[in-house]
Every structure is written in structure tokens, then in C-alpha cells.
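Working notes, beginning with the structure itself.
We call the chains A, B, C and D, going by the order they appear; numbering starts again at 1 in every chain.
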């Protein structure tokens, strides 16, 4: 870390801060500039209570140098991680597609959706059984009944099941039915839940919080990885900005940025990332072109009557066409969309 | 709600949407404008799956009219709610001040802080025992040991204890020791936790999520109120914006806006809301002037060596001076800062 | 527009507002709901001083219905506009690429860049002669000397010249040398300048302000269109958000959204939109996949010594590779990147 | 500045960057850490094209140390600047209040407003003659006729006149009539205009751009100061964030932050900063409590029929009450609101 002293810092203040750095187990290099003095503190600063140094006498600013995450870092593991479960794969050149309704509503709905998304080329099925809803007056999901329907859909189609878990008490139950546990954006910094899914034995899809920095997101992943679970997929689902014409702002530069910083696969959610179904296809295709390792897309038999998120769900034909275009774009940049083995189709 | 049709919407599309409105149990008024047709849907739209109407044929936009929260609404309860516990009061013209360290670190630290903040005029003590930390490598709190130290400080000073609860499993434990349970910004939409504190029998301090809209925040309060707990205090602690010179941006207009929309008391956190101790005093005073019903301020015996948040903690003398100025400003706008009874001091 | 009355609005207040609507030349439809009364005002509300109605007695909120822009609207002109100048085309299925250095620095620099970007497939050359710089201490551009060098580069290569104009006094001068006048993000709401370029007889590239809504941006375009200049290209260059790992956040959903709302071509600037050269290629390709009608990319012979924006400029080989990938992705979605006629190459 | 090298940077890359630093006229200190090497570059980095170093081989990041502004800096001039014109003063413990309508609409309107705001305690009159309007279809101001009416109001009341100038061509004209020239938020980075008002011989009120960082804002002030005009007032008028319940988000922490960084007075605009008249009084009072050196408030005889900004304008009685409360709060924090000499009242 770099400690920038104020212009009029006294020699005593500089000496005091130098000593403080040494007390933290770091080496201090004092550099006298033409206008200011800075103290470079050398060593592993991650454990140090460095932020509190800001209130030290004569200190203008503290500038951290090391990224605070370790295990998620590409510097530690240069090779990209590929997450694989059943026929779904994401990462290392392969694009995996997860699709299905926002909420599981009925057997007919989830089965028809499962067959449709499989036919179009998806290898995993999404569907919410426990639904985090902004309003307590909204539909809260079918809970275990929904999980059973998802398992039935997997049995019929072979698709991997991706579904959200909202609290520590439900982790075991959800892990019994699901192939991938999703942590929603609202729970990205629910640390007890992160620790729990770190121990669940299933891959995790970790959505970015709507106002989380990339660093906070990777540190949330670090909570999971630290428990011994290496199969974390990072899912960008849009951030909160001043823009009102989309529900969230979907920053696709997240994809190449994360590929430089971490080995974990990056999934894009163009449904939540735009909030309007007519924007989803173009953004799904753009995500593939940006290098995304996967997509998660809301698809519903009849969006107009969906119990949640109908405004951002594709119909079956819309999804089919989107998939066809994604596959062509993936080929154009020498990547491939992962598909079910021929026998299974 | 208002359904705005596209300019070239056909009579069939308009008829279809009119029918859909009626299926939701609402009355439809069709208004043919010079450029567009709009359909006004009359009735309680809160339960309706109205958002999905957006994908209806010929629909340009859905404009909701009713606020989605009910119990938190000032329309339902015009009189302001005052939350009171021990000698702490907030709301209805009285300003309550909560102060203390970010984390409970030791008996000596918490007791000295408790005495100091009481002396300066606070009626409640803050202090974290379970700490949500962005990084898994940071200090995570003393847990139950910390709770016991807080209870000891209450016994010595009579201050009400305010402390954070991070997960449903810990609600009962924390409620055994604390007078007010705090829900942190990261957990504002952790719905299971909101339901749990709705049943804990203690007042709740609900922090605003860093990117939550006011509507989402009031709906989070609604989760708690709906469980039968009427004692919810809303705590503004800053939002995430493009500004980098403060850790968060503290929008004090939240205070008069909430006073118009809800009867719940509004507490301001100038410590997290700025992230720099040198900005805290002026923003604390400004919050009182803006009409805040309370303050929560980080105070530490020696901020430079604090285990967390030292950069935004006041020293004892700084807090004392800040309180003195807050009291004078409160008087200037015909309000009062609540204090301990004379005998207790 | 819809006037939403407060829950406890009196009949007199409703009557008063109804009258006010009629005074604005609009028809009023009063709808009594179960909780509130709303007044729908029918007619062209664009000229009306409608916002001031908000302070009317008993008014809760004013909800506008019509988009405030007209000439830029797709409803008015359903066919997409294609802007064409020399061999550069953008819009209606054709992707035009503008490339070159941030600033014109010397004859050698601009000519080598012009030849390189032409060779890789660009049909227009960018280069700043008048530079808007955040700091008065930064390089401010070669001014007319720079314009002459751009004209020389056009003479040698046939590329159309795109360059920024910063003030009304310079419009005529810049229009003498340039083929397309660029309005920078900082000047998007410099209305005198918009009017001036509306009369300059050249196509205009209108960059989005870093915090402009789409509506404000289209209204800025409307200022230009209203002066009789139909050749406006909208350039998304990133918005200001809380994200710090990119200089701006580049929201590609702008592309399909604008295609729905306006007939004007949409150009993407991945250089400013990311601020880091290593993110530019993937975002350029993603922009094409999202349906962009054009790209504007910073390319410099030696970015490390560029006088401005070196950190976001591609080298010649990087640009060449990026173009090759863009061309393949355009084909994959049945579009084409416009190129120079063979004889010219 | 600090050059942070990548973990795997080679000795050749480190040597190359060291040389580059020296070529920029700076001294290089190479510090080998446990994980990375950093190069501290010592000297005045403001003129250096330092950002382009980011693309140097092996470079991870460039961290600037010195603030890029000089003349605006408090380090250069520790004493606060007080701007004074006629009986208006702002800065150095005195709070100056500017009030009046958004636009000058008629002689009767501006004169009645001038008398009313003077009576309540303002010492300067605001009123727009040249209006920057988002839509070309909105009222654009009375132009020179408006300026003459403002001069008439000054003659009658003795209030200093504050009005906006929108383009370089109008600077001389506006300076002939006005006492203070206002640069609007949309023109904060219109550098030609900044230079022009730097030479106009009048104090300048420089509004913050809606998405400008503090650093960009101070650099815009630097453009004016550099032309030899020392009388610049910084006006915070709210920033663009995700919040939708206020038109902009008004961050009052700007006040103490700027007081630490610059000697220039800080004015707060609670009218634009909230966008709703019912929020203006509390935020005006809070601004004074936060230490603001002045206020600029929209006041109109009949807001409901104002030609612009009626929704955020106070009536005369509302303004009078707000002023009375501001005066009491100023006293409570040992400051004073500047007033007209008794004889003049």
C-alpha cells in the first residue's frame, strides 16, 4: 500500500506513520517528492487493518496496491476454470446456455419449457422455487413442490437444474434437488449463505449485486472458494445506474475484464440485465461475441401470463431464433456453444 | 395502472388488453388520445401480475400509479411513529442518538466508549458483534462474547444496545442481548431475515441497501411490519454513485421525502454515509437540520488502531463537540435531542 | 399526461386541476379509482408547461405519456436513416468503421494511421484538432494545422474525415475541412453549438453525454434535426456509473433500444466506453453483434507515447485483428461492414 | 505517480518503464515488493502524459498521487476566498443567499420576486434570460429583454444580479447587465465558455455538471482562474444517480469536502438538487448546517403557472419561512447570513 502524506506533514508525522507500517509487519520505504512525501509499505497487506491508517496524523490518503482476493485470482491460477455438470459446460472456450422460466409455476409449464429450451440447444434448465420478491405481496414460489418439478424435468430431459437458494436453512434441501445452486443478486453479500453453499458440494452460480464492484464480487466468490468449493460461476446481471429505459444496465465489458482478473467462468443474464424481452436477443448475441462463457435466459410458454418476470421472458420461438444466432456468432469467433450429445436429443 | 398503447396499436390489440385488465379484477377506462390510446386500470393493482402485461400485443409501456407498500405508508397512518426503548427515543420531534464503535473489540474498549458517548448525550450504544465483512480475510467480530460485553455496557450505563444480526439462526441469540436489532445494508433484501426480525419482539433498525430505491426499502420494511412488528426505524447510510471522494453518497433529501411518504422514523448514518471521519461532524449536524429523527455515529477511543472502520470513526472529543452542535441546531428548528434522565447521568 | 391526485384530494382540487388542463389546450378525463382520482390529459402535451402542474393543490404526481422528441422518432419515420459520405456508410444494415488517433499530432503520425486503418477496412478517419481537455494543463490540439493534416490524409487515402468541433465560432472552419462534425460528450447539451452544426451542411456525430438519459440525447439530436440537417449519427461512448474498473460503463443495450425508438444510426465507441485498450477488441465485436451501425475506435502508431488517450488506443496490428473479427461477426448476423471500393484500395 | 507492475513483469519491462519515467522528467524509485514491483515517479506529474504509460509492457496500473488542479487548491491558498459584489457576500463565515425565478417572464413577475426575496433576506437576485432547455420545444427565455428587466430590478432593490450565460458570443452582452455570470451544469466542461468568463471581469457561479467528479469540477474552475479571474463560486446542484424520487441527488458532503480541498466558496442549489418544492426548505436549512457559503433558491410569485421549473419553485411565504429558519441555524453554528444594510431595506 502507499501512504500519501499531506503537503505540510511534519517529520514527526512521517516517522510516526513509518512506525505504524512496521507494526503491521510491513516494510516501509519513505520517498520524499517535490510536493509530498509518500510511504510505500511492502509485504502482504491483505490481513493488515490498513484502512484505519487514514486517520493517522498528517495522512492525506491510503492507496492499496494488491487486489484483496487471492484464490479467485488469475495470477494464482492462470488456466481458466471450466464448470461442468451433466451435459452443461461453461468456460475454457465453451459457452453453456441455461434457460427456462423465472418461476416454476406448474408441471405443465416447467416440462414444456424444459423440452423447448433443450430443443433449441440449452443444456441447463433454470426455474425458481424459492423466489426473492421485492414486495411481500408478490408470488413467493412453489418451494419444495417447485424443486420436485425441476427434478422431474431433469429426469425427462437430462438438463442440469439451476435454481436459487435464499437462506442457509434451505441449502441442504435445495442441494438435494438441484445441480447448480444460484445465489441471487440481493444475497451476494449474505456471507453466512456464501459459506453454506461453499460446503454444499454443488457448483454455484454467483450473481453480481446490483451495485457491487468487481472487487466486492470476487471477494464474495472468495468466501465460497475458501470453503473448498472450486466450482463458482460469476453471473453478471446488470448494475444499477441512472438509466431508466432498461431495468438495469448490462456492462458487457465485465466479460473481458474478469477474464483478465480471474479464472472463473463468466455467465451473462440478458433477461435481468435489460428487463425487456425485446432487448434480450441482441444482448444475448452480444454477450457471446464479448466472450461470455455462458448465458442464462428467461423463457416462458406464455410470457403475458407469467407469474413473474413476464416482461423479460422470451417465447419458445424467440428463444430458438436467439440460440441459432448465438451459435453462429460463437463459431465466428472460434468458440462453440455446448450441446447435448446427439443420442440424448 | 396506466397501459400506454403504441401509436399504431390496432383495435383488436386494445380490446385484448382491455380484457386482460378485467381478468386481473380491475376496471378498464379506454382513453383515445390524439396520438395514442391509453387504458386506465382502476382498482387495487398491488396483487396483480401487472408487469407481465408489458409484453401484451401493441403495448408500449405500463405506468404504475399506486405505491406498492401499504402498512409503511403515511396515507394509512398519518401520525409519525416514535420508537422508544429504555431512554432512547426517535421520531415525532425527538432526535435519538446512537453512538459507539464499529466493532466490539474488548471490555475496556466498549466500556470506555459507552461512558464517553453517554456523557456527550447519546442514549443508545452501537457496536458490532457479528460483522459482515467484504473480505473473508477481515476481522469477523467477537460474536457472543461481543454481545455479552454490550450487555455489560448497558448494565453500567443504561444505554440501549443496538447491534447487527446477519442471519436467521442468530436472531434469537442477538435478541437475547440487544435492545434494537440492526439489519445491515447488504441484507436489506434478505427476506428470510426480515421475516425473522419481524418476529423477534425488538425494534429494528433497517439500513438502506446501497443501491435500493426508496420503494424497495419501504417494501423491505413492509416485510417486517407485516409480521406484526411496528417498531421499524429506517436508516439512510448512503448510496452508491459515481462519486469516489466519499465512500458512499449521503442523500439527506431522503429525510423530508420519507417524512412525506411514511410514518416511520428516519435515522441518518453519517459515518458510513461519508466514509471519512473529517466529514462526519458537518453531515451529522446537517442531518439534524434536514429533520432526521436520529443519528448513528461511529466513535472509537483510538480510531487509528480500530479493528474496523477507523477511517470513519470519531474520537471522544470530536463526538462531544459534534453532539453539542447538533443539540444547538435541533433547538434552532424547534426540536430536541433526547437525553438520559438527569438522575441517570 | 396523467395527473395523479393525492388520496385525500378534495373535489375542489380535482375541479381546479381539470380546469388547468383545459387551459393548456388539452382534454381532461377524470377517472375515480378505489384509492385515488387520476386526470388523463389528452392532446399534444409537448408544448404545454405541464411540469409546473406538479405544485397544483392536491397533486401527487405528473406522469408524462408522449415522448418529447418528434423528428428523431421512429414513429414519424419508420425506415432507418443511412448516413453516407464518401465511401463511409452507416445504418440500414451496413456497419461503418471510423478509426484513427485521439489527437492529430504530426503529419507522419496521421498519415501512417490513415493508411493503416484504411488497410484494415475502415472507411473514415478520426483525429482531434480541437481537443476538449479536462485539465487546462493538458495538450489542447493542433487546431487549424491539425485540420489541414486531416484533409491531407483524406486526399491520400479517400477516407472521410471525422473531427470534433467545440464552439460555435469554429463550426465554419471545421466544416471547411471535415466530412463529419463530431459533438463531444461534454457538449451534448451545448444548445447553441447544436443549432450551429444543424446549419453546417455536414453530417454530425452526436456523442451521448456521460450522464444523459436517452430522452435527453434524442432531444439534443432534435435540436440539430430541427435546423434542417437530417444526417445525425448517435454515438454511445459510455455512461458514468459507480464502476471504477472501466473509465465509463458501456451499455450496449442502447443499440437495440434506440433502433426501436429512432431511425437514426447508432455508432459505438468502445475506446472511451471502456478506457482500456485491452477491453476494446471484445467490446467492438460485441457492439457489432448487438446491431450497431458503426464503430469509432482509437488507433495510434505507438500508444505508449500518444499525446492523449494512449491507454485506450489500439496498435495497428490490434486494430487489424479486431476488424477481421468484426467482419466475421457481422456476416454471422447477416450484416456487412462497409468497405472502400476495390479500385480505391 | 505510482506505476504498479504486473506480478510476472520481467526485469527488462521494469527497466523500460523506469526509463520512460525519466524521459518524462521525473525521478524513479523502484520498490520490489513480495508480490509485485512498483515504481514511484517523483516530481510534478501534472504536465506529464502519464496516462499513456498504462499501455507500457508489464504495467498493471497507474496510480496518480498529486491532485491535478493547482490554483483552486487550498494547499496553494490556505485562506478562504470571499466573493463580494454589491451587498452580496459568500465565503469566510458569511452565507449569501441568491433567490428568484427560474426564468425572467415579465416586468411585473421579476420586480415582485425581487422585492419579495429582498424582504426575506436575500442579497442577490437570480433569473434566467438565456435558458438552456432540454427540449427545443420549451420556452427559451426573453434574452436581452430579460437582461434589461434584471437590471431594472437591481436598480429598484439594490440586489446583485446573477444570470446564466450559454455561449461565448453572449458573454459580453450578459456581463453588461449582470453582476455575476452563471455557468450552467450542462456547460461545466464547455472550455471555450470557461475561458471567456475568465476574462469577463465579473464573478462567476460555476455549477457542477450532473456527472462531474469533484476533480473535474475543480479543473473547470481552474480554466476560469487561469485567465486571471479569482472570483469563482462553486455551486453544487445535485448529481445524477439511480434515485428517481428526486430529480437529482444532492450530496451535501460536497461542502465540507470542498472546504478541505479548495479556498473557493461553495453554494448549494436545493431547487435543482431535489426537483420538488416540498423538499427545498429542509435541504436549504441542511445546507447551511453543513457549512455552505451560500444558497441559490428558485422563488416564483405563482409556481403553478411558471414558464419553467414551477415544480421546484417556492412561493414568497415559503421562501420567507425558509430564510427565517436558515438564519437561526446559521447562528446556531456561529455563522451569519449576509443581509442588506439597514438603510437599504
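Everything that follows uses one rule, which is that contacts are C-beta pairs under 8 Å (C-beta built on N, C-alpha and C of every residue); 3 or more make two chains touch, one makes a residue touch a chain.
The model shown is predicted, which means the values in this text are computed figures rather than measured ones.
Student: Count the smallest number of chain-to-chain hops linking chain A with chain D, moving only between touching chains.
Tutor: When the steps are counted carefully, the minimum from chain A to chain D is 1.
Student: Based on the averaged CA atom positions, which chain is farthest from chain D?
Tutor: Farthest from chain D by mean C-alpha position: A.
Student: If you average the Cα atoms of chain B and of chain D to get two centres, how far apart are those centres in Å?
Tutor: The computed centroid separation for chain B versus chain D comes out at 31 Å.
Student: Mind checking the centre-to-centre distance between chain C and chain D? Centres are C-alpha means, answer in whole Å.
Tutor: That pair's centroid distance is 27 Å.
Student: Please list all residues of chain A that touch 2 or more other chains.
Tutor: Counting only residues that touch two or more other chains, chain A contributes 211, 239-242, 244.
Student: Over in the complex, which chain C residues touch chain B? Could you list them?
Tutor: 2, 4, 7-8, 29, 31-36, 38, 40, 42-44, 63, 65-66, 75, 240-242, 244
Student: Provide the residue numbers of chain C that touch chain A in the complex, in ascending order.
Tutor: Touch list, chain C to chain A: 211, 213-214, 239, 241-246, 249-253, 255-257, 260, 273-274, 278-279, 282-283, 285-291, 325, 328-329, 331-333.
Student: Okay, in this complex, where on chain B does chain A touch?
Tutor: Residue list for chain B touching chain A: 20, 46-47, 49, 51-56, 62, 68-69, 132-137, 139, 166-169, 186-187, 189-193, 209-211, 216, 219, 222-223, 226, 239-240, 276-277, 303-311, 313.
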